[in-house]
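There are two complexes below, and they share subunit A, which is joined by subunit B in the first and by subunit C in the second.
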Partner chain A sequence: MAQQQPLSSTVQPTDVYGGDEVSALVLDPGYYNTRAGFAGEDVPRQVIPSFYGHIEGRDLFGDEVIIPRAGYEVRNYMNRDSVVEDWDAATKAWEHVLVRRLQPERQTPPSKNGLNDETDGDVVMDDGAGAEMEERPLSENPLLMTEAPWNSAKAREKAIEVVMENWACPAFWLSRTPVLASFAAGKATALVVDVGGANTSVTAVHDGMMLKRSVQKSPAGGLWLSGQIRSMWETNEPKVDIVPSFMVENKKPVEAGAPADYRPKKFDFPITDSFRLFEEERVLTEFKESVVEVWRGPAKFTESQQYIANQPGRVFEMPNGSNQMWKEQRYKVSEGMWDESAAFPPPTAPGLDIPSLAKNQTIPALIKACLDGVDVDLKPNLLGNVVVTGSTSLLNGFNDRLNNELQAAYPGVRIKIHAAGLTSERRFGAWIGGSILASLGTFHQMWISRKEYEENGPGIVEKRCK
Partner chain B sequence: MTSADVREVLNLNQPSGPRPKKQKVAAPRQSLKGLAREVQALGGDNPIAIVPEITSFRKKRFGSRKPAARWELRPFQNSARGDNGALVLRHWRQKKDAMAPPGDDLMDGVQMETDGKLGDGENKKEVLEDSSFAKYNVKIPVPQYDDDQYNNNLQNDDWSKEETDYLMETVRDFDLRWPLIWDRYEFVPEIPDGPDGGEALSVAVMPAPKPRTMEDLKQRYYEVAAKMMAVQKPAQYMTRPEFELYETMLQFNAAKETQRKRFVANTLARTREEAREEESLLMELKRILARNQTFNEERRDLYRRLDFPPTNAEEDLNAYKSSAGLANLLQNLMNSEKSKKRKSLAAGPDGPGPTPTSVSHPGPSGVHQSSEGPGHRRESIAASTHGGHGHHRDSITSATPATPAEPTPAPGGADKKKKGGATAAERRKLTEQEEQVYGVTYGDRLGGGPTFRYEKINKLYSHKSNQQQKRITNLLTELDIPPRLAMPTAKVVEEFERLWGALTALVDLRKVNEKLDNEIMVEEVKKAERDRAKGIVPAEEEQEKAADDGQNGETGEAGAEGDPPSVVIKNEEGDQVPEQTGEVNGEKEKRPSSSGGHKRSASVLSAGSDKSNKRQKK
Partner chain C sequence: MSAQAGKWKEEQILVICPGSHTTMACYGCSELAPPTHRFPTRMFRDEETGEWRPNHTEKRRKLNGSSHGAEGQEEWEYIEDPDSTDGATYPIQGGRITNMDAFLAFLEHVHQSLTTTYHNTPIMLMASPQWTRPDCEEIARYIFEQTRTPALCLIHSGIATQYGLKWPNLTVVDVGFQKVDVTCIYDSRVVSHKDVGASDALAVAEGEEISGGEVFTRKLLGLLEDKGFTYEMAEQLKKSNVCEVLPYVPDSEKLMDLPEEAPGAEKAAEAAPKAEVAADDDAAAAGESKLVDEEGVLNVAELVVSGQAKEFLAKKEKEKAAKAAKKGKEKEAAEAAAKSRLPNSRKAKNIFHYEEVVQEEIPPEEVTPAKENGQAPANGDAPKDGDAPKDADAPKDGEAPKDEDEQSKPETTSEDTKPAAESATTPAEPAKPSLPVIRNKRIRRDIEVGLERFLFADRAEIDRISTAIYRAVQSIDDMYMRPPCWENLVFVGNGARIRGLRDNIIQTLNARHLISPSTATIFTSELPSNLGTPSGTGSQTPTGSYIGAGPPHQLGPSSGVNPLLQAATTSNMGVPGSVIGGGAPGTPGGQTPGGDAAVTNGSHHFHSQTPTQIKLATLPTYLSEWTKNGFEEAMFLGAQVAARLAFCVHNLDAQGVESQRLMSLSRVDFNELGPKGIRSHSMLA
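Our next item is the complex of A and B:
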């Protein structure tokens, strides 16, 4: 019976997809999350926030450590452009996710586990093997990292330096997120619309390479949408206060529209603004996930108010128990992505710093600008391979709206939108593409090896990762 | 119990056919052992239905398994990297010597651990296996040039050498993917180091990098590539695909390409209404084209009908409907063929000598012949008119399908024939040059089986008499030509045949010449005799002919034997006199008809000369 099993362990997996695992790691840092995992898998093993806690000169990483504490600040090592800003923190964050979280726990060497301590206080000899392990934690794992298409040459060189100097990776590669997203969709040529946390970017990918002149980005991403929601709540008839969950001790159910009835939690230390903003963002994310919808078209949003007002609304309960039915507003908040004139003015709360969109920063304008930057022969092919990725693209109706907008803008061209159905595939599109790429047998010749790095210095990344 | 048994019991009619046999249940015979087998054997042919009990539940099943496959983390390199295996990656592969004897698993496990630690150094020493994906690394060839070649061939006002180098490098980097090349093309000309080296100055002087369109880049690249291709291999030596590539690259037209792109851009910029309108127009166009095609088809059909060879079929058909008429037709055709043959013989420029078969007619006459023949697909190999038997057959085959007045001209058949004619006509379209190119020749009708070309020459020899053969061989040796050609290529044989013709003509002429000399001698002897007799009878010009007749009688006493040969001589002479003059004008034309006479005259002449000799003796 054992022989009749579909794939016995004695049979080598067939190379139908050209894979050849070399236990590579894939790291995909973004503004909201940092994704990491093993190449060849379909989802990242570890997803930690790119936000980290800073307290008394120490940096703490991971979702579980972001808790209210005295003097606890929440920072982000990435900036709003999805480019690494704080390299020290980035190094620590990456080490945390790659070494602590992805590598197996190692036994404490016997000399240090306290069992062999002798009372006469001899100087313990340093165990060579253990130290080597500490120094060379990733010596067997090539690392593939992603970057934003507009990443600067300096930042790229810094990235390879960090990886090569700190964890002794045998090989390294830096790849652009749109390219990887198109790989994840199974396409080598695609128009990638990436609506992410802090940015929306539209990039043309030709034959597995990004077209630099086509890169377009705007802040019309998740953060901007949160700002829209804040503005909407500020201007709402009963003004909606954002009370994050951590501030609620307990709550009582109330009627829709009635003021909240809850007991706030008392902290005997001041909560930092950054921590509060981070927690508020969680509430906003929930609102986006459950309520916000995109007006699908093809009729214009402004001309369909009547119809929209008749659409069923959705109820959202805030962490403090107040709840309300959201009807046409849930369309209105996202309309600014498509039509800058329909957007709310950006919120005025301190520390938010969310810009308003210009006319050329809406998604249709980005796509048009992107296509204007490529050769005219490519346009039909690109429009036939539109890949939508990024978590903010998971808004209800986003793809329908995009399709309608494109058809209106390019009649007579066949438009096909490829958007992964699985939420995780849309959220981690770039990571999955990286996972595919790094596990391909034909990719082995691409890696920048340690030797090349040592011979040429960090400048090699500019030469090789084009 | 089968249905047949039931029928038997109920006394019903037996159904015809054999009784259906009991189907044997093909149960696999378990190989049992010991007591179980004895019990089974009791049943004999009808096995007892005992379900064997499986006594071993789990233990056995696992026990029957093969030993676990061993896998190892095996290092490998990738030769496509081109770094001499500097990067060694490791992947899981099944261990090659995995067939370790079962039982000492534990030992193996221990050994493996030690292997993992100690064997590292050993592995390094031996050659690492190459990645199976290295073979997919394909590089495109990009034209290379050195400074000299650049200066000689590739100078361009618009492109500096630096920029051309940069272009070539970019092309190599992006494997000829033009959108990428254009996208990443950022040529920054180097700041020329002036003697002053003043920064402000150099910045001011620095030319702004030209924005290059994709067409500019392509134009330059194709220019360079085509020129370098031609430098490395002149165009006339290129293979066909190479030359096609060369042509394509040479013919790249940037202006045209730009225009095309503008059109494409316009197409993309259409509004929805325009797009719809264009679509409907395209549909219309397609319909019109389809209609046009059917119309053309019909018209062509009509033309075909009109184009039917002009026949007065009605009358002819009636004539040939009977078998007698058919025989008549055959006779007519053969006659016409014969006359044709004769004509060609007469027309043949070189058919001298007494032999009926001589040098074959090369090209022109054959072609003429075939083109004269009626539209027939075998024309191309239609035989020239030599060799009676072959010709005869051919003439018949060529004649029969050509008759438009065939007794059964079914419309379909006629159609087919027309097609045959059409293809023949197409075939005839080959120009002389093309014929040369394709090696099409219209030669003799080929015999069955392969032949050597020199055999053709042997045939020429064998048709000659021994004497002539000897003479020709002598002539050839005079000319330093071996009688058997060393390299009988088609051309050589052709030349040789021409030479042969000339030689035979020469031999014939010599013969004639000799004969004439002889005759002159004979005549002179006669004249001398006559002069002797003239002492009595005065010779007169007018009387000579009459005297010829009278000579028989008069010289009765002179001619002691009174032999008829002398009469023959006289007759011969009569023939000969006008012929001599004719030969002066154009001996070739006259020769065939006179050839028979020559032969006879020659033998008679010898007899005559014998006689004259005798007379002289007397």
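Our next item is the complex of A and C:
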């Protein structure tokens, strides 16, 4: 029925069907989330926590499996420097997103797929053709992976090894998050301010290259902010207990400041600390989303506290129903990012291990240090292209404050902040940049092919991915 | 493409909604009716040829005197048994395609059962969110390379539901067979998704729990196994209306109010064994007494066959009257009547009618039973051709397989009258005396069940589902999208048919997560953070505002055209809701998703805690057939609506044509783009 229509001259001829079709994958592991998807798409298809569940020697991945279970520990394969810590778990986590979630299910022989009642589902997967298939699950997908600017040479080599040896990827490329974030913003030269989960980094990118001497990082990210909120709640009068929602069966409305009236959920097994901390983080995230705000300036926060205290505040209801109005405190928790002297002392709860920020670790200090590390001629260009990315930068008022700080620090320079309006673009900045890069026609000119890897070994990644 | 060139008639479109358990399909989408066909989603591999067959096929020796029996005993025949699940392969598990070969063969089977032509039959195929991109490409490749289908549209099941229910913002909770999908849709875009269930087959093997309706069946079975319940019984009990999820009671120990156990509770134990009445094995001696088994159940099939229907019925009536008279004297009757007036949820015990189909082979006297023959070793010169089963079963079983096929529909609701009607067709086909007759007996037993029918509502599973809903909505990136998603929850999937389940989940969510207005803000003039601030978020869903928003659509109001259809055809197809949202300037709907919203988005300062309201979406009422059928299958309706939009609507403006072109992959586009064209030419996200 449908008739072939001649292509109009305005339409670019599309590539030949069955031609050299590249289905590149993009993997962006971060401290909080691991993001994976296909190049050319605008959001990652799979976003799973980098935290994973560990139970009885097994590792479980994905947000859905993080539910209370006996002896269930929550671990993270990344460390707080956003560098892979546990390679075994990292490999499994990546396999989970790249292979098990993004690729069709392998047709496991009936003896192994655990669906036939008569066979034992727990057979070790190691026989015959099936195993061969398992070994080459990504043989058609080049992979672009992101890394923190300060990633070590050893970790980079390990990354290419894992990718090449485990899934037989035909090609690999490693790219730094600030470069990709600037790509996502459509800029080749930019000052990238990435306020992420565990870290804040400020990096100068020039012509698509990261300037190594400019890289600055500090823990002033989401985790540190969570610590500030915890400290604030600890010292609050009355003290605010964090009861994560998994512990609440149901709740009743109570007056502001009144003790919570809720029915706790009963578990006939102990809940591990790591699980609880992870769940508490969800409450803190909600608090950050709906209450925490960055004092915009230009007047100093410390001098404006009185004024803010008279402004209407915001109420936050905890999962157990207790609620309270937060006024100037909701600015104070984030103030430490800009002015270390305004910060709360780090929380005392065990197992958190959150540092306090030093004077040179605040965001303005990082930017200054970063700009001091680059050629003076570049400064105006960088300040005219400030790219803000990372979830923590979504805090209400963040951009206004950043703008004010920069105006004050660099008077007379044109400052332009580029921050994506869509939440997802801000959260997945580096991934989106990777998606753009890997979908370019020129991607195959830059990647490290399997052959090169086999000839040169993992060391090639140091030589090629500058 | 000129507007009319690639358009098809509504009657020509094949709509297929595959599920892990049952696949719904129909040919033609002009009616917007509930699915005409349901297929169990399974295939059987033919051991000899390696091909896939829709039914379990058994090979056995053909007998003398059959219609083809020229060569006598050495001939073999293939018996298809549509009820048997022996050796079945289930191509979809927990929403994932686990066996693509089988799945494609299954699609082929569905197609063939509904229509014989390909070249003018565009296909609308619903995809689960779990289907991977390579899966979709593989399907596209198969359909265009192996068949002559002119166009294929893949639609995300959440989006399909949304098309069926017309709301631009929805949270679709799809309770399937072994999985639960939660999809949040804002402005007709999927903005968040979570699924519950084992992540894949490997995970099942590792002991990860499945989710969905099956969990409840298993739980029920676990509770009643001691009383001799089988899986089939548990399944039927679950679907019956005595089984229900009681309302969530926040303060009670078990979170539900169970009815008091009646004083005669011990009787429950007796009840089960009492029901152990099996069909009579020696039904061949069709004595009149055998027509009624001890439970008073009619063996209609046999009755009709033996041709004594009239006399029998008359006699039966008399008996009944006599019995009733006798009973009337007893006090019990009065009590029972009083009891029966109580709603099910207040009764400690209730009776459910279990129906099972018992297959009987009645061997004719002069022939040895077929089973024995089937085990005979010879297999060399048996007819092995793929078409054998079709030929073979026709003369043998006559109508039987077809009847069974219908009976085995899992979703059939009230079938009390159906068996009679069906078996009435059997006499039309004269029984061949020399052949073994396979006869289906429908046996109905009354089984009394106790509190198990409430206790099966596994709190762990309900918690899992409600947590998934909570997390799915709360993890929507843009906060202003959350309130509309909380206010339009919809439960679909046949797993959601369990009585009371959806209400219980809503109650659970309300009791656990609802943010109540705080007293701290009562005396301030400002709006508290935990109330939805009027920021044009669309939280006030414009109910009914689009009815009559435009000129009546050409399809005519009589067909109950989805208003989305109008919206979609008049503007941007990919984002049907945007028309509605765009009506009020400044609403997020007016913005282009994924575009450079950097400039425009500054206006959203929605930072309120959610949910402040949790509500079910209002279901449309203008499609009476669907109201009857229930909107659990709304995705099928939506797929039909979407099929019309994608394939049938013409006279669009240039923009409309372009967006319509992107809704489905036509053969022209396939030739140009290849299978990867499905990435952009589909309704997958």
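The rule we apply is simple: the second predicted complex is superposed on the first by the 418 of 466 C-alpha atoms of A that agree within 3 Å, B and C clash if a C-alpha of one lies under 4 Å from a C-alpha of the other, contacts with A are read in each partner's own complex, and residues count from 1 in each chain.
Assume contacts are C-beta pairs under 8 Å (C-beta built on N, C-alpha and C of every residue); 3 or more make two chains touch, one makes a residue touch a chain.
Just so you know, these numbers come straight off a predicted model, no measurement behind them.
Let me test your reading of the model: by the given contact rule, A:374 touches which partner, first (subunit B), second (subunit C), both or neither?
It touches subunit B, and subunit C stays clear.
Quick check for you: in the superposed arrangement, does A:451 touch first (subunit B), second (subunit C), both or neither?
Touch partner of A:451: subunit B, not subunit C.
Taking the superposition as given, does A:206 touch the first partner, subunit B, the second, subunit C, both, or neither?
In the superposed model, A:206 contacts subunit B only, not subunit C.
Once chain A of both complexes is superposed, is A:306 in touch with subunit B (first), subunit C (second), both, or neither?
In the superposed model, A:306 contacts neither subunit B nor subunit C.
Specify the partner with more touching residues on subunit A, choosing between subunit B and subunit C.
C
Just to be sure I follow: which residues of subunit A are touched by subunit B in one complex and then by subunit C in the other one?
On subunit A, the residues that contact subunit B in one structure and subunit C in the other are 1-2, 18, 21, 23.
Going by the contact rule set out above, which residues of subunit C touch subunit A in the complex?
Subunit C residues touching subunit A: 1-2, 5-6, 8, 89-90, 93, 96-101, 119-120, 132-135, 138, 150-151, 194-196, 199-202, 204-208, 250-251, 255, 464, 467-468, 470-471, 474, 477-479, 508, 511-513, 515-516, 518-521, 524-526, 528-530, 594, 596-602, 605, 607-609, 666-668, 670-674, 676.
Please output the residues of subunit A touching subunit B within their complex, sorted ascending.
The contact residues of subunit A facing subunit B are 1-2, 9-10, 12, 15, 18, 20-23, 140, 142, 170-171, 206-207, 209, 211-214, 374-380, 408, 410-413, 440-442, 444-445, 447, 449-452, 466.
Can you check the complex and tell me which residues of subunit A touch subunit C?
Listed in rising order, the residues are 1-5, 14, 17-18, 21, 23, 38, 42, 45, 58, 60-65, 67, 96, 100-105, 107-108, 110, 112-115, 121-123, 125, 245-246, 248-251, 253, 255-257, 263, 286, 289-291, 293, 312, 314-317, 319, 321, 323-325, 396, 418-424, 427.
Would you mind writing out the residues of subunit B in touch with subunit A in their complex?
Listed in rising order, the residues are 61, 64-66, 68-69, 78, 80-81, 83, 86-94, 131-134, 136-137, 173-174, 177-180, 182-184, 214, 261, 264-265, 267-268, 270-272, 274-275, 278-279.
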